[in-house]
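Encoded as C-alpha cells, here's the structure I'll be asking about.
Labels run A, B, C, D, E, F, G and H following the written order; every chain starts at residue 1.
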Amino acid sequence: MNLTVYLSGEIHTDWRKRLKEGCEAHNLSITFTSAVTDHDASDAAGDVLGVESVSYWRDHKSAKVNAIRTKTLIESCDIAIVRFGDKYKQWNAAFDAGYCAALGTPYITLHNEDIIHPLKEVDGSAIAWATTPEQVIEILKYTLTKE
Amino acid sequence: MNLTVYLSGEIHTDWRKRLKEGCEAHNLSITFTSAVTDHDASDAAGDVLGVESVSYWRDHKSAKVNAIRTKTLIESCDIAIVRFGDKYKQWNAAFDAGYCAALGTPYITLHNEDIIHPLKEVDGSAIAWATTPEQVIEILKYTLTKE
Amino acid sequence: MNLTVYLSGEIHTDWRKRLKEGCEAHNLSITFTSAVTDHDASDAAGDVLGVESVSYWRDHKSAKVNAIRTKTLIESCDIAIVRFGDKYKQWNAAFDAGYCAALGTPYITLHNEDIIHPLKEVDGSAIAWATTPEQVIEILKYTLTKE
Amino acid sequence: MNLTVYLSGEIHTDWRKRLKEGCEAHNLSITFTSAVTDHDASDAAGDVLGVESVSYWRDHKSAKVNAIRTKTLIESCDIAIVRFGDKYKQWNAAFDAGYCAALGTPYITLHNEDIIHPLKEVDGSAIAWATTPEQVIEILKYTLTKE
Amino acid sequence: MNLTVYLSGEIHTDWRKRLKEGCEAHNLSITFTSAVTDHDASDAAGDVLGVESVSYWRDHKSAKVNAIRTKTLIESCDIAIVRFGDKYKQWNAAFDAGYCAALGTPYITLHNEDIIHPLKEVDGSAIAWATTPEQVIEILKYTLTKE
Amino acid sequence: MNLTVYLSGEIHTDWRKRLKEGCEAHNLSITFTSAVTDHDASDAAGDVLGVESVSYWRDHKSAKVNAIRTKTLIESCDIAIVRFGDKYKQWNAAFDAGYCAALGTPYITLHNEDIIHPLKEVDGSAIAWATTPEQVIEILKYTLTKE
Amino acid sequence: MNLTVYLSGEIHTDWRKRLKEGCEAHNLSITFTSAVTDHDASDAAGDVLGVESVSYWRDHKSAKVNAIRTKTLIESCDIAIVRFGDKYKQWNAAFDAGYCAALGTPYITLHNEDIIHPLKEVDGSAIAWATTPEQVIEILKYTLTKE
Amino acid sequence: MNLTVYLSGEIHTDWRKRLKEGCEAHNLSITFTSAVTDHDASDAAGDVLGVESVSYWRDHKSAKVNAIRTKTLIESCDIAIVRFGDKYKQWNAAFDAGYCAALGTPYITLHNEDIIHPLKEVDGSAIAWATTPEQVIEILKYTLTKE
C-alpha cells in the first residue's frame, strides 16, 4: 500500500519537514505533495504573463497559476494534511479542506487547542484532528504498515 | 429563471438582510438559504444528543448537526455568496468556498479591499468579487432579468 | 426548506410512528420514506414472478423487488435515519448506512449505548448518533426551523 | 489482467489466509487489501491523538483513523469479498457491502447457508454468494485466467 | 411515492397498453415514458433535415433524432421495463438495458422462457425478470402502495 | 413530456424569435433559456463591480458574470441549439457545444452548408445538424408530441 | 500513446484473432481485453458455487460471475469494438454497446451491411461503423501512430 | 510531479514545436499529447471505412474517427493549452476549451491581444492567458519544479 499525501496550509514553521523526515525514518511508502511554499515566488507566479498595475489582478493571476498545481495535486491525493498555525488567516487551508470534503477525500487537521472553536466546521468534516506532526506520522505509519 | 442563492460567512453585520431586501425590492425570483445564523443556537446544536464535558466534542457534535443543513443547502444551490468580515477567522466561509469550487458551483466573494491578498486563492476560484451587498444585488438582477 | 427523510432498519418497535408523529406535531415540512415494513409481504415480494423451490432464490427475488423501492428512495433522500434494535442482525440497516456513506448522504444512527462498540464503523461515518426518536425530532426541527 | 481484491469482514477465522494462499498456489495476479485485522490495534487506532474518557469518542476516533485505510482501499479495489461468520454482528461488513453497491463495485459474499435469510438484501446486490474460500478462489481463477 | 417508468423494446404487441391500463386500474402514481413507437415515423425521424440517398445515413440521422427523446427519458426514469418479443432482433432493447445498467437504473426484463439463455447477460444485470405485463403491474403496485 | 432548450450562439439574426414562435404555434411544452443577447449589456455585465482600465480585465469580469447565467442554464437544459452565423468568430458557441459534449447533453447545430468543414468536430459530436430554425422546430415537435 | 481495447460480441468467427494479429503486425501499443470466449466454460462459470436444477438460475449465476470480468474490463477500456455476426441474437453485444454509451466510452461497431437497419440505434451512438477487422486495424493504427 | 499536457488548436505555426523543445531544454517531466496535426490525414481519417459522395458525411466520419484520439487524450490530460491563431475559425479549439471547462480540467489559452474580445468567454473559464509559447513554458516550469 502506498499513499499520496497532500500538505496544505501554514508555511512559516517546519511542520512539513518534520512530517517528511519522520515518515522517511519509518520507511513509509508515501509521496508528499504540496503547493509552492516559497512565499515570494508564489505571489509572483503570474508575473511572467505580464505586469499588472492593479494588485487585485496580480494576485488573481498568481492564484490561478498556483491553482494549476494545487488543483491537480489535491484531486490526485489519497489524504490531505491541513495545517493551521497561530498567525495569519490561512483561508487557503480552509478552502483546501472544503475542497477535499466535497471530493470525499479524507483530511487530517493539524492545529493547537486554542483554535478548536473557530475551526469546528473544518474539524467536523475531518477524518482526524492532530496537534503535532508526530501524531500524524503515527497515523500514517499505522495506516500503511499495520496488518 | 429562478435562482437558489446560499449565503455563507459573517454573521455579525446585516449583509444578509440588505441583500434579501434589495432583491425583494426588485421582485427577483430568488430563494435564499443559509446556515443557522443564531450564534448561540448554532454552538448548542448537538446538545440535545447529550452533554459533553470535553469542549472539542461539543463543538464536533454541533458542527455535524449544522452540517446536515449546510451540506444539503450548499449542494442544492445555484450560486453562493461568501462573505468575509473584518473580524474573526471565518474559516467556515473559506471552507464553503472550497466546497463550492470542488462541486463546480459558482460563488461570489463579498469582502473589503484590505483582505484581497490573504483571500487570493478563494477569489481566484470565485466567479466574481464584490465589496457591497448592493453590487451583488445588481449582479443577481442582471442574471435574472436581462434578456 | 423541505427535507426527504428515509427511515431504515428495525421494524419491530414503533420508532417510525413516534418519529413521524413528533415531526407532525411540530408541523415540520418532511416527507418520510421507507422500505416496506410488513415483514411477510416483504419476504413474499418476488413470489408473483413465480414460485421458487430453493429458499435462497426466493429470498433473492424478493430482495431485488424490494430494492426497486429502497434504492430509488435512498438515492433521492436528503438524510437517512438508520435504526438498530436490540434483536436481530439488521445487516440491511448497516448496508443502507454504507450505501449512504458512499453517496455522501448524511445519516443519523439511532441505537442504544450497549451496541456502540460493534457499530463504531457505522457511527464513524454518521453525521450524528441518537438514542431516542425524540432526539432525532429535535435535530430535524432545528435543521428545518431555526434561522 | 490484474485484480485488486478487498477482503472485508470476519477476523476470527483463517479465511483470508486460505484465500491468499490458494490464489498464490495458482499464481493469480491479485493484490489483496484489507482493513487492519489486529483487533486490539484497530480499537486503539485513535489513541495516539489523545486519550478519551468517554468510550464512544474513543471508538469514534479509532473508527475514523481506520477509515483512512478502508475508504481508500475499498474505493480503489476491483472487487470485494465480504465475509460474515457465525458470531458477532459484523455490521462493518454489511456497511462495506452497501458502500460497494453504491459505488457499483462488484462484491462476493462469503457465508454459510444458515444466515441466508437475514443477509438477503446484502446478497441481493452481490455479484455472487460463496460458502467456502475455495469457491472464491475458483471464481477469481476463472476471471483471471480463462480466455 | 411516484415513479417514472420507461418502456423499452418490442412495438408489435400490446404490452405497453396492457401495462398502462393495468396500472391505471390500480390508480398507481406512475408516469410512463417511451420511445416513439410508430415504426414508420421513427424511421423517418431525420428526414426533415434533408433526404439521404444512402440508407445508412438515413438510419443514422433518424436514430440520432430519436435519441434526443430516448436518452432524455431513460436518464430521468426511476425504472425501465425492457421487453423482448418473439420476433426481430431488438438490439435497441438490449442497448437500453446496458445503458440503464451503467447508470445504475433498475430495469425489469419482460420476455418468454424460451429466450432465457441468449438473454442471460441482460437478465443478470436486471432487478427482476417477468413473463407477463400483469406480473410487472403487481411489482409496481407493491412498490408504490405497500407500506 | 417537457423540454428545457438552451439557445446558444449568434445574436445578430432573428433565429431565436423564429424558433420560439414556431414552437408556440404548435403548443410545444418547452422552456427556452439563453445567455443575455443584448450585446452592450453583456459586455458591461461586470462594470458594476468597479471600472477596469485594462480591457482584458473588463472583458474577464463581464464574461464571468455572464457565466453565472450560462453555466447554470446549460447544466440544467435537456438539449441545446447551437447557432453559427455567417459573420463573427462565435467561439463562445463552439465553447458551449464542447461543454454540452462533455456533460453528455445532446445539442443540435444550426448553420449553413458553407461552414460544414470548419465545424466538422462540433458537428461530429452533435445529435443533429439543421440549416433552418423550422427544421429544429420540426424535430422538437416530433420529440415532444409523437407517440 | 497506449490504448486498451475491449472486444465484445460474436465468438463464432476469428475476428478477434485477425484483429489482434493485424495490430501486432503494426507493433501497435494495444492491450486487448475480452469476455471469456470459451462458450461452454462461460455457461458453466457459476457451477462452482453449487449446482442449480432450474436453468434460469444456472444462467443467472454464470452471467454474474462473467460480469465480474466484463464489467471491470469495459469500465477500464479506452475503446470497445462491438461485433455482430450473421447468426444468433447477440444481445450481450448490444448490452455492452449501451453500457459504453452511458459511460461515454467510444465504441466501433463491426457488422455487415445487411443488418444496418436493426442496428441503427446501436450504430447511432457509435463512434464508427466498420465491416471488416482490417478497417478497425487501420483506425487503431491511425489513432496510435499518426502525428 | 509529472504532467500530461494536451495541445489543442492551430496547426499552421510552430507553437507546438517551440513549446516541446522549450520544456525539454528545462528537463520538465511532461508528456505532450495532441490531435493528429497532419491536415490532409485528419480530413481523410474516415475514408478507410468507405468512400462518401456527400462531403458532410465524409467530414462526419473523419471527425468521429479523430475523436477517438482527442476525447481519450483530453479526458486523461492534467492541463490543456488551447491555441488560437490569426487565421481560420478554429472552432475545434473553442470546443476543446468548453470540453475541458465542463470536466474541470484547467486550460491555458494562447493567443494575441487582438482577439481578446471575441475570446472573452473562452478566456473567462481559462486558468491563464498567454501570448507566447515561452510564457507557457515558464508556467509549466514553475508548476513542476518550484518547491
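Heads up, the rule we're going with is that a contact is a pair of C-beta atoms (placed from the backbone, for glycine too) under 8 Å apart; a residue touches a chain by one contact, two chains touch by 3 or more.
Computed from a predicted structure; not experimentally measured.
Within the contact network of the assembly, the step distance from chain A to chain G comes to 2. The greatest centre-to-centre gap from chain G, using C-alpha centroids, is found for B.
Judged by shared residue numbers over all numbers used at their interface, chain C and chain D contact each other through mostly the same positions, with over half in common.
The chain with its Cα centroid farthest from the Cα centroid of chain D is F.
Counted by residue number, the contact pairs of E-G are over half the same as those of C-D, the matching pair from A-H, C-D or G-H. Rotation relating chain G to chain H, from a C-alpha superposition: 90°, rounded in steps of 5.
Between chain A and chain D, the centres computed from C-alpha atoms are 31 Å apart. Distance from the chain F centre to the chain H centre is 23 Å, each centre being the mean of its Cα atoms.
Chain C and chain H have Cα centroids separated by 50 Å.
Multi-chain contact residues of chain B (touching two or more other chains): 64, 67, 129.
Within the complex, the chain A residues that touch chain B are 55-56, 59-60, 62-64, 66-67, 70, 84, 88-103, 113, 115-125, 129. The residues of chain G lying in touch with chain D in their complex are 33-34, 36-38, 41, 45-46, 48-50, 61, 64-65, 67-69, 71-73. Per the touch definition, chain F reaches chain E in the complex via residues 1, 3, 78-79, 106, 127-131, 135, 138-139, 142-143, 146-147.
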